[in-house]
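You will see chain A twice below: alongside chain B first, and alongside chain C after that.
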Partner chain A sequence: MAEVKSSGPGAEVTTQPRAVAEPKTGLQRLLAQYGVSYAFLLPYMIFFFAFLIIPVGVAIWLSFTYFNMLEAPRIIGWSNYRLLFLEDDIFVLSIRNTLFFALITGPVSLTASFLLAWFINQIRVRTIYALAFYAPSLTSAIAMAVVWRIVFSGDRYGYMNYFLMRMGFIQEPFLWLIDQRTMLPVIMFVMLWMSMGNNFLVFLAGLQTVNTELYEAGKVDGIAHPLQEMWYITLPSMKPQMLFGVINAVVLMFSAGFEISLSLAGLPSPLYAAHMILSHLYDYAFIRFEMGYAAAIAVILFIITFGIGQGALRLLSTKDE
Partner chain B sequence: MIIRVGKFKITSGEFTTIAALTILAAFMSLPLIFVVSHALKPIDELFLFPPRFIVRNPTLRNFQDLLIATYSLNVPFIRYIFNSVFVAFCTVLGGVLLASLGAYPLAKHNFPGRHAIFIVVIAALMFTPQVTAIPRYLVVYQLGIIDTYFALVLPNLAIPYALFLMKQFMEQIPAALIESAKIDGATEWTVFWRVVMPLVTPAWATLVIIIFVGTWNDIWAPLVFTRTESMRTLPIALQTLISQGSVARQGAYAAATFIMITPPVVLFTLVQRRVIATMAHSGIKA
Partner chain C sequence: MADSVFVIRQRTGVLGALTSRKWWELVFLRIATYIILINVCFVFLFPVIYMFSTSLKTVADLADLTVLWIPRTFFWRNYELAISGMLYWQAARNSIIISLGSGILQTVACSFVAYGFARIPFPGRDILFLLVLFTFLVPPQTIIVPLFILYRNLGFMDTYFPFLIPALFGHGLRGALFILVFRQFFRNLPYELEDAARIDGAGPFSVYWRIMLPLATPAIIVVFLFSLVWHWNDFFEPTIYLFDQNNFTLPLRLSILSAALLQMLAGQGAGDEFNEAVIMAASFLVIMPPLIIYLFTQRYFVESVDRTGLVE
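And now, the complex of A and B:
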């Protein structure tokens, strides 16, 4: 069986196993009463803390050290951060590239995902369209490079050059993947192509959960056009899905850009024109083994993504509704 | 205006929407169609200029080449496939199990710390996984499992995204169902396996596909945690084929791309409806 209908989305919490005789110390009582719950959570939590939570703490600590994997880490204060922002031009460039990339592709991808989901929701045959838009997000950036290298090939037979020259937009073949003006835009284009992923499905599913009575009420209140309906009814009632979508998009934009950059422009990319924060992190951590410095890069990336996530949390909060 | 096609009636608005979506869907599918067509091209068509989009004389020769000849890859290509399949299988199994076990008490029990734990999980949704790459590397290094399958599986088992989706979905299960099972004498363990898990099939089907795709396409873990060629996975082998980029390998490269891209798409097609059912509960109310 597939689905359970329940009265509402809130958790209906079952009462806990019988309270146990003679309470002893606080901890023992806690374990006796809720031990089963903790036991279920334990395996996840072990891995969660070992490979996610503690590493974030360690990364923060390492960012204040000099550490080359051979000697023990040596505390050097803010020096890594000073170096990053004052001396390391390539890092500053990588931040600029990453922000440019993420701040455009992120919102565009979210909007496109929502609009596509909204349009698909208006028609009856949905599955095949959903598949067509979602399938690109299932592909590996590395594998798809085979296509993009042909499309954006620098000679006159690359599909892009061929097309633009036929149409008379350009006279000479253009070096899409080598010219520093187009490298990043090409990567963004590829990212958009493969970004209609889980968010698109989240929105598609979310649209089907919007309370239909709201639409009826809207008609009574004089909402006539479907676009008005979308703006005044659908969007506000999908805030929780939006929040989930924004958080996913942030993570995706800051990590997937690196892979596409790696597969299309290489590491390092010509003139660092497609250098991402993650490219810089990878370079220092696993090629030069300057772990302290790389940790500082990681911490800055963490602050950026976490900051945007928190901002989204504020903006799309449904607590007071 | 109403348009009639045989038995079907559609409004002109709907017709426009369908037409626009069809064009866009077709356009977005082009790269994937190209991958399939490219993999089936005989050598002379691979090097045709201008490149031909659709293959004229399809052949399986490229696959034969890829699987039999090893080119300058140091291990047979089938080893990369095995590594990828094995690592994805273990990660999916462990990831779904951990997420389901952890989600059950979060969704259905009331215990001290429940809310706090959930807040931490939501916060962890915002972590870019690579942020923890260095300490993770140190943990893996200290455990002495660099360059083993453990290094490719263990660090990726706790997935906040998976726990979150599973918890949201499990909240839909009526408390009465669980209660009545308990009255019949079932332990929490039996309730979990006999009542809860069968009811959340869509959710775990979704997690299977999400975790599979994530692991299958992941380039970071094999890049960082493996040293020897025999432990590398498919994306790394592809990256190697790309960087060698010579004429003789174009066919094998096209075939490898096809092998890389097909399994996630096929798997998703199989569970599409369940994935959408799961995503309906994915909103964060905060």
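And now, the complex of A and C:
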């Protein structure tokens, strides 16, 4: 056994505490024993506090001030929040739009991509489908907007109008991206198109890791139908992938949803029918430069996403995490 | 190997349950399945194909409703216009710096941090890992105002630092997700490897760098590609941190393309050359690089997602 000394004192650090000559304080012992472990996490943690915890704190503080980037912030108490909920009808509308958007698109996207993955997993030629279904997720929302604008164009040459008129569903061309009833559904459709690929790929991978013995055991316990099998065995085994999917969906709903809304309906959208919380935030922060007010919007957004994320974690986390 | 997997699937899957049916029913079901799947594929790919086909059309082809998919002549001039109108090479260079730089830094940093979480026990690990999950739940948009002020005070406006610095520290776009992927992967590797290396005198850092990281190739591929593509397509953060048009990334350039083209062509008295086909060409140029990368790495990619068993 060649003990190579040159590799430094870190070699045995995780397993045995160094021989201690004099009694040390708790912190010193902790550092001596686990210093390397903390070193691995140090880069992350430095940034975590400097660029995440502090900004969250600052955002909360700013939300109680009036701040226009030129003068120093002035504390004005709860008045931003009072304005938001009592006076700002557009904000209330944007919350309604965002929740409607996220609560329908998220579950539909997850369910559809799971079913698709489950389906594809049964057949043999999978690669080509994996390729086709994932391609949309690689595209940029801004770039694809050009196509969607033509598909949902308001004149009779728009694909949707052309198709529906030929089939006789509608007589007159419909203004998909201007009518307030259809603007949000169109954005949701585009979102579904873009978001399914990621989850599809993850679910497809997850399906391969499901322990096949469970299926055998299920059969002994009287599971007969493939759909029962999916519900009682496949789905519970896929909880981790579900968690990944849900959290990814939450993040996507808020960022990509805003981008699609911005590129298809504009900012502000006609009658604010496609106004998202993020549109409102962007409007106040980077067009009107009312940073205090924007921070209040951010805090509300944070509470909403945190709530959804926490719910997802509690619902789907395995004992391990 | 492949056969045995198929046998299991046949016994347990939908098609397996149908073996008691008549053979022609099975054939019919098979055909129906494939027809449905091909249709679904078409729905998914339609916008991309449509974009490419339109980008090659002349003005005459655009107006002609009989020209559906294949233009009469391939009109490459649209691409020339798009490239000059977008300052494509400059914008592509900016995009490449941001996405490649962030991708590499994020991959290294996240694997580094994840190794600490996965293999080295220490007090407070679970609490710290909960904090990592916490960053998951904070969408970057919610802290954009303080970050904007912070970066401005640091003099980071109009530089690539707001993208590269977070990546360097394992944050950036969905950094927590990548840490989770790596942690999962490292946890499933056998401990004997590390022990052997340690007996040979390697310290934790060289175990990480020389033993664990090379083994994590599947995870590296997944994380790097995800990171690359997400940074490439990112629109929100560049709109906030970049003001000078010379620093614009491709999606930003695309958003101001119409105005730029009108201005450019007005001087030449050729305003009618500007049309939706040019915009399509430009958009296709933006989405093409990730698609090409995916086309070539797709095999490794699907395999890697398989093998990392993401967040298991």
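Rule of thumb we're sticking to: the second predicted complex is superposed on the first by the 293 of 321 C-alpha atoms of A that agree within 3 Å, B and C clash if a C-alpha of one lies under 4 Å from a C-alpha of the other, contacts with A are read in each partner's own complex, and residues count from 1 in each chain.
We take it that a contact is a pair of C-beta atoms (placed from the backbone, for glycine too) under 8 Å apart; a residue touches a chain by one contact, two chains touch by 3 or more.
No experiment lies behind these values; they were computed from the predicted model shown.
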Worksheet item: Will chain C clash with chain B on chain A after the two structures are superposed, or do they fit?
Response: clash
Worksheet item: Touching A:L192, do we find chain B (first), chain C (second), both, or neither?
Response: neither
Discussion item. Going by the contact rule set out at the top, does A:L99 touch chain B (first), chain C (second), both, or neither?
Written reply: neither
Discussion item. Under the stated touch criterion, which partner chain does A:A294 make contact with: chain B (first), chain C (second), both, or neither?
Written reply: both
Practice prompt. Check the residue A:T212 against both partner chains and state whether it touches chain B (first), chain C (second), both, or neither.
Written response: second
Practice prompt. Examine A:A143 and indicate which partner it touches, taking first as chain B and second as chain C; both and neither are also allowed.
Written response: both
Worksheet item: Who does A:L31 touch here: chain B (first), chain C (second), both, or neither?
Response: neither
Discussion item. Quick check on the superposed pair: does A:M45 touch chain B, chain C, both, or neither? Answer first, second, both or neither.
Written reply: both
Discussion item. Shared contact residues on chain A, chain B side and chain C side combined as an intersection?
Written reply: 1-7, 10-14, 30, 34, 36-38, 40-41, 43-45, 47-48, 51-52, 54-56, 58-59, 62, 116, 119-120, 122-123, 127-136, 138-144, 146-148, 150-151, 157, 193, 196, 201-202, 204-206, 208-209, 240-241, 243-244, 247-248, 250-251, 254-255, 258-259, 263, 278, 281, 285-286, 291, 294-295, 298-299, 301-302, 305-306, 309-310, 313
Worksheet entry | chain A partner contacts - residues on chain C that touch it in the complex | 6, 8-9, 12-17, 33-34, 37, 40-41, 44-45, 47-48, 50-51, 54, 65, 109, 112-113, 115-117, 120-123, 125, 128, 131-133, 135-150, 165-166, 168-171, 174, 177, 179-180, 198-206, 208, 229, 232-233, 235-236, 239-240, 250-251, 254-255, 276, 279-280, 283-284, 286-287, 290-291, 294-295, 298-299, 302, 305-306, 308-312
Discussion item. Looking at the complex, which residues from chain A come into contact with chain C?
Written reply: 1-8, 10-14, 30, 34, 36-41, 43-48, 51-52, 54-56, 58-59, 62, 69, 116, 119-124, 127-136, 138-144, 146-148, 150-151, 157, 193, 196, 201-202, 204-206, 208-209, 212, 215, 225-226, 229, 240-241, 243-244, 247-248, 250-251, 254-255, 258-259, 263, 278, 281, 285-286, 291, 294-295, 298-299, 301-302, 305-306, 309-310, 313, 321
Item to complete: Spell out the part of chain A that touches chain B in their complex, as residue ranges.
Response: 1-7, 9-17, 30, 33-34, 36-38, 40-41, 43-45, 47-48, 50-56, 58-59, 62, 116, 119-120, 122-123, 125, 127-136, 138-148, 150-151, 157, 159, 162, 193, 196, 198, 201-202, 204-206, 208-209, 238-241, 243-244, 247-248, 250-251, 254-255, 258-259, 262-263, 278, 281-282, 285-286, 291, 294-295, 298-299, 301-302, 305-306, 308-310, 313, 317-319
Worksheet, complete the sentence: chain A partner, complex, touching residues on chain B are 14, 17-18, 20-22, 24-26, 28-29, 31-32, 34-35, 38, 49-51, 97-99, 101-102, 104-112, 114, 117, 120-121, 123-139, 154-158, 160-161, 163, 171-175, 178-179, 182, 188, 192, 198-199, 201-202, 210, 213, 216-217, 219, 223-224, 235, 238-239, 242, 253-254, 256-257, 260-261, 264-265, 268-269, 272-286
